[in-house]
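Before we start, here is the structure in question, set down as structure tokens.
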Amino acid sequence: MKLLLINPNTTQAMTDAIAVAARAVATPGTEIVAVQPSFGPVSIESHYDEAFAAAGVAEQVRLAAAWRPDAVVIACFGDPGLEAAREATEAPVLGIAEAAFHAAGMLATGFSVVTTLTRTCIMAERLLQRYGADQHCRGVHGTDIPVLDLEGCGVETLQQIEEAARDALARDRSGAIVLGCAGMAPLCATLSHRLGVPVIDGVAVAVKFAEALVGLGLRTSKHGDYAPPLPKPFVGWASGLRW
Amino acid sequence: MKLLLINPNTTQAMTDAIAVAARAVATPGTEIVAVQPSFGPVSIESHYDEAFAAAGVAEQVRLAAAWRPDAVVIACFGDPGLEAAREATEAPVLGIAEAAFHAAGMLATGFSVVTTLTRTCIMAERLLQRYGADQHCRGVHGTDIPVLDLEGCGVETLQQIEEAARDALARDRSGAIVLGCAGMAPLCATLSHRLGVPVIDGVAVAVKFAEALVGLGLRTSKHGDYAPPLPKPFVGWASGLRW
Amino acid sequence: MKLLLINPNTTQAMTDAIAVAARAVATPGTEIVAVQPSFGPVSIESHYDEAFAAAGVAEQVRLAAAWRPDAVVIACFGDPGLEAAREATEAPVLGIAEAAFHAAGMLATGFSVVTTLTRTCIMAERLLQRYGADQHCRGVHGTDIPVLDLEGCGVETLQQIEEAARDALARDRSGAIVLGCAGMAPLCATLSHRLGVPVIDGVAVAVKFAEALVGLGLRTSKHGDYAPPLPKPFVGWASGLRW
Amino acid sequence: MKLLLINPNTTQAMTDAIAVAARAVATPGTEIVAVQPSFGPVSIESHYDEAFAAAGVAEQVRLAAAWRPDAVVIACFGDPGLEAAREATEAPVLGIAEAAFHAAGMLATGFSVVTTLTRTCIMAERLLQRYGADQHCRGVHGTDIPVLDLEGCGVETLQQIEEAARDALARDRSGAIVLGCAGMAPLCATLSHRLGVPVIDGVAVAVKFAEALVGLGLRTSKHGDYAPPLPKPFVGWASGLRW
Amino acid sequence: MKLLLINPNTTQAMTDAIAVAARAVATPGTEIVAVQPSFGPVSIESHYDEAFAAAGVAEQVRLAAAWRPDAVVIACFGDPGLEAAREATEAPVLGIAEAAFHAAGMLATGFSVVTTLTRTCIMAERLLQRYGADQHCRGVHGTDIPVLDLEGCGVETLQQIEEAARDALARDRSGAIVLGCAGMAPLCATLSHRLGVPVIDGVAVAVKFAEALVGLGLRTSKHGDYAPPLPKPFVGWASGLRW
Amino acid sequence: MKLLLINPNTTQAMTDAIAVAARAVATPGTEIVAVQPSFGPVSIESHYDEAFAAAGVAEQVRLAAAWRPDAVVIACFGDPGLEAAREATEAPVLGIAEAAFHAAGMLATGFSVVTTLTRTCIMAERLLQRYGADQHCRGVHGTDIPVLDLEGCGVETLQQIEEAARDALARDRSGAIVLGCAGMAPLCATLSHRLGVPVIDGVAVAVKFAEALVGLGLRTSKHGDYAPPLPKPFVGWASGLRW
């Protein structure tokens, strides 16, 4: 199967790192095609950044129609463009926040999210509500580490995340940690080892859940709300992306 | 005061019609500056359309930074790009769905939404939850009238909407109707007259609520989640929109 | 337009102070008619006080039927008698808590309420749930300042409220403050200036939102739950208030 | 024990009928003291009516302070003045809606409410939310029988209520019926017999639950939100009711 | 009336202690028949323990079919087997958590639960949601006292519970305490006296509420979800318990 | 990997059929060990049945401790004993309802459940709430087909389920169907083909999601609520199952 892995920001190094993380967990038969939008911010740390990233995700799913991916994973914790992508393909589409929340709920009665900037906590909180996971999440915690600092993450940054996680486990009475940024994927194993609880990286879970759904022949419903977008004119730079 | 009125789709005739509706209710001192994105779909009838529209709203708010509008209204019932816009300006920003829901809740214990395509009901339902208005809304009803058919809306289309509204009032035990599309703004007075209940057009309410907030000197909070986006590189066609 | 401003308690000085605050924000064409019930407690700091105040609001709306106000504002943070008033008039009726919560939700992703006695927090919490604003409110904080101490509020009281607000912003990760008592209206500008975030006084917002709704010709729905009360005998002191 | 049974409307015949229903289920040692407010509407069928009724309940609890009842029951399905009453006495205070909802939840996984005027359904719905019973209630159904028509309820009225109940059981997939008006108390046994499901009259349940709480020595908490009202001047006809 | 009191664990001393507590509050005419399952754990402190206890409750209700109890009380704070028991008898069945939550909600606007092991808090939280009491409960607090240590509870253990309760009242702004274990029943009076707030023992409340329902002739609904189990083969040790 | 597949009822033919369905979707490396409790009902169609089944699941997980399965799937739509099983093993444990709900939420904005007896709808509704999937499920529909009639399901039964599903899609405005019984697993492909929407069989999804979690090295959290049960005596037939 071919899995379209979209990094919604425009930092090539991050796309590469996420692809490495995805390939590390993928089944041999799964080919990971990692892309990023042709436009937009180098990292996603605000609603403003996210508005561009969501359009970028839509762009990439639209462009991939040419080769019909079997599954799509959106590798940013805000799950930008998730619903647009589901309309734009018959393949199953997974957001890494959605996948991580569901996995966490299967492994612990309550979990905590450790994320980057505090100002992005609101995005995670909105998604928790959207996915019905708010009752299983006992806290969302910002570390105020900028997303791009996660690249080549040093000892100190790791330490900071570990401390935030320990704190969260104790204060929230949680049994698992969800990593609130695709850029934290490479830290997952280390943190899991140190903390002694399930540490959940959404990229990995989304890839495996996508494989699972594809393995069952399940596809995005085209009946109703996720039917293909109606064909209509698009103008400006987006004119090539019309349906 | 200068009010930036954004039509998130790219149909000039619709931008003009919405501007007319907005000016009809604005206070003499309010100057309405009506714009539309430089790109994207001619109407918004799916999540896919909306992903581009949200980026288009962000674009327009960003461009308006040059002249510092006193208020911003987003004139599409999905409130696309609302949160991005709130980060990108200190002016109050209102979505027409948000404004309409709150107004309806002040005038009736329960209301019904009458909208265009059935497939967009899910968007209204999500917004109702986001704004906490789900407990006041007793039903969202699609008419399957395409958005652009509302332009120069004939007798038949009006009839169809009226019937859907009557039906909703009876079935939902509702006391008011919320019009679920900016393109329905011109029908508001007629429908209100015929139905004998409050019929709420979000464009009109958003303009008046925006005037109200501006009149009080209230502005979007820059403390926390709506702080200005962090300055960072944007690439591709969006490079000019970086913060 | 004529706006009936009801102070639900029976302290004339407070009625006057609220009227001053309301007139300060009203449009020139808006005439504020400030009244208070002919009976009941001098301040509202318990459910017991509120039971009388709600009846007092009903009394005042009933008496105003003679001159048909264009809008009604109930100026106590518990919104006493709000639903009764909506039945008893065709004019839009706004409670200051309802108006403040909705305004706050338009300006910040989360807000905190700072109120008077801790025992009244439960009233605000109930209203937050009723209006669907509980998900936007991140905390309700009592200062244990008695309502009537707000009159001629000295430096110390102001200081105490400011501190409670600062505390709330930090602890709740909030972006705005809602003042939880009509008697705090005169402090709004000062607090806003000192705190650097939107500080929302419900009296001011309710007056402006009422003007907005009247400006749009919107009136309380008489279809269904807010239909006029059925005519029937009333006995005792209330006999003159029958419908 | 002495139980203060308050009929919140001012129809003596209804007070008497409710007292009969209460005495029929009370334990021999329970003395029922049935009262009604000295003012207000002869029946409660709107929020307007209810505003006066709630003050009337507060009046009666206040006046009863002289003889210290052991328990208080408020016999109107809107539970008017419930919280005020809880502040105004140390005795347990039960509303008949609250008691009926909880009893129904112990006897069936889902129940339906059959009430009088359709316009009062909203009151029951609000109470269901307040008490957390909304998830157990599968429908609130108005019969549009006026409250006072229940007095000396003829064969036809009974038939109408029975049909509404049968309809509700089938449509709502419910296992029990809650009677939505104190005036329906005398019909409870007949309906239960005919319908073959638990039919719950809040008056009866509230009396028995009140006896239960008194039997355990449990009293309304005076710590926090239900502490006695603060002593303060009351003006007008209410001046004698100050604390 | 004959009340079947089921201690879901298999510690005879605890069955006896709970029976003593139940008899202490029961009306003279109420005969308490206290039983325990023929199998399972000596105390219930995990979901694993509870799975056996729930089957044990089903066993005991099934065996009691021979003598047709008038009411059933399940005396473990997790209310194990509650729904099974309701199917297996026409008598009203009460869980002590359900009864305690409802009683607490009648006596205070908010309450706190003090329970045994912290790991069991999740069970109470689930029940609060199930019964709609989550909005009235302001905190669930583990003391990490093992259930069987409550037997012959010494001064120290009592002290520890008292401290946890005081803490909860202050931190949660609560007005009442719910004891989160049937084994705490004997401490109820002492704690109530020391804390000065209602302290609610579910065993006592469940017994009294059961008497109340029986007194009204109310029985578990056999229409719908609680209809008797369908007759079918059971195998293994459970073969005698088939319907 | 070794996957323990537990059929919670005691019908060997059903255990075999479920095992076939599970093996049909499992990865070659996955060995399915299918078991059933040594006691209890031959099908699970009531809470009473379920109480025994949950204990049966606990028994089987306990017995499997000897060979340490890598994952556990509970193949009954009520997810009986799920939490007990999670305590009793470090392997990930999936319930088929939980897995199906999450999968459905990834493929459609709203889904409907088609199940067996109407009286079991309440169990699905409770699980939807427990897993936060209630907002994605638009209806639970009973067909009143007994569970064991699904075995060797004839044309007529299939027809009946198909009709119920079509009905649900239309009435609920749903985009996917969740099969509400493990016994329906063999019908999944046919129904999916006929209905043209995703039809989700929880057995298949749970097996694949279990493989996914095992593939990532994720295990049930032993920190907090799912820590191993405390060692303590068990009596009666269960004495061998103590920890």
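Letters A, B, C, D, E and F name the chains as they come in the text, with residue numbers starting at 1 for each one.
The working rule: a residue touches a chain if its C-beta (ideal position, glycine included) is under 8 Å from a C-beta of that chain, and two chains touch if they have at least 3 such contacts.
The structure displayed is predicted, hence computed values, not measured ones.
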{"item": "Chains touching both chain A and chain C, listed by label", "value": "B, E"}
{"item": "From chain F, the most remote chain by mean C-alpha position", "value": "C"}
{"item": "Homomeric contact chain D-chain E: same or different residue positions, threshold half", "value": "same"}
{"item": "Intercentroid distance (Cα basis), chain D paired with chain C, Å", "value": "29"}
{"item": "Mean-CA-position distance for chain F and chain C (Å)", "value": "52"}
{"item": "Centre-to-centre distance between chain D and chain B (centres being mean Cα positions), rounded to whole Å", "value": "43"}
{"item": "Where chain C touches two or more other chains at once, by residue number", "value": "83, 109-110, 118, 121-122, 129, 135, 173, 224-225"}
{"item": "Full enumeration of touching chain pairs", "value": "A-B, A-C, A-E, A-F, B-C, B-D, B-F, C-D, C-E, D-E, D-F, E-F"}
{"item": "Residues of chain D that touch chain E when the two form their complex", "value": "25, 27, 83, 92-94, 98, 102-103, 105-110, 131-136, 169, 173-176, 192, 196-198, 200, 204-205, 208-209, 211-213, 215-226"}
{"item": "Residues of chain C touching chain A in the complex", "value": "109-110, 135, 173"}
{"item": "Sites on chain D touched by chain C in the complex", "value": "10, 37-43, 45-52, 54-55, 57-58, 81, 83-84, 86-88, 118-119, 121-122, 126, 129-130, 146, 224-225, 227, 229-230, 232-239, 241-243"}
{"item": "Touching residues on chain F, where the partner in the complex is chain D", "value": "118, 121-122, 129"}
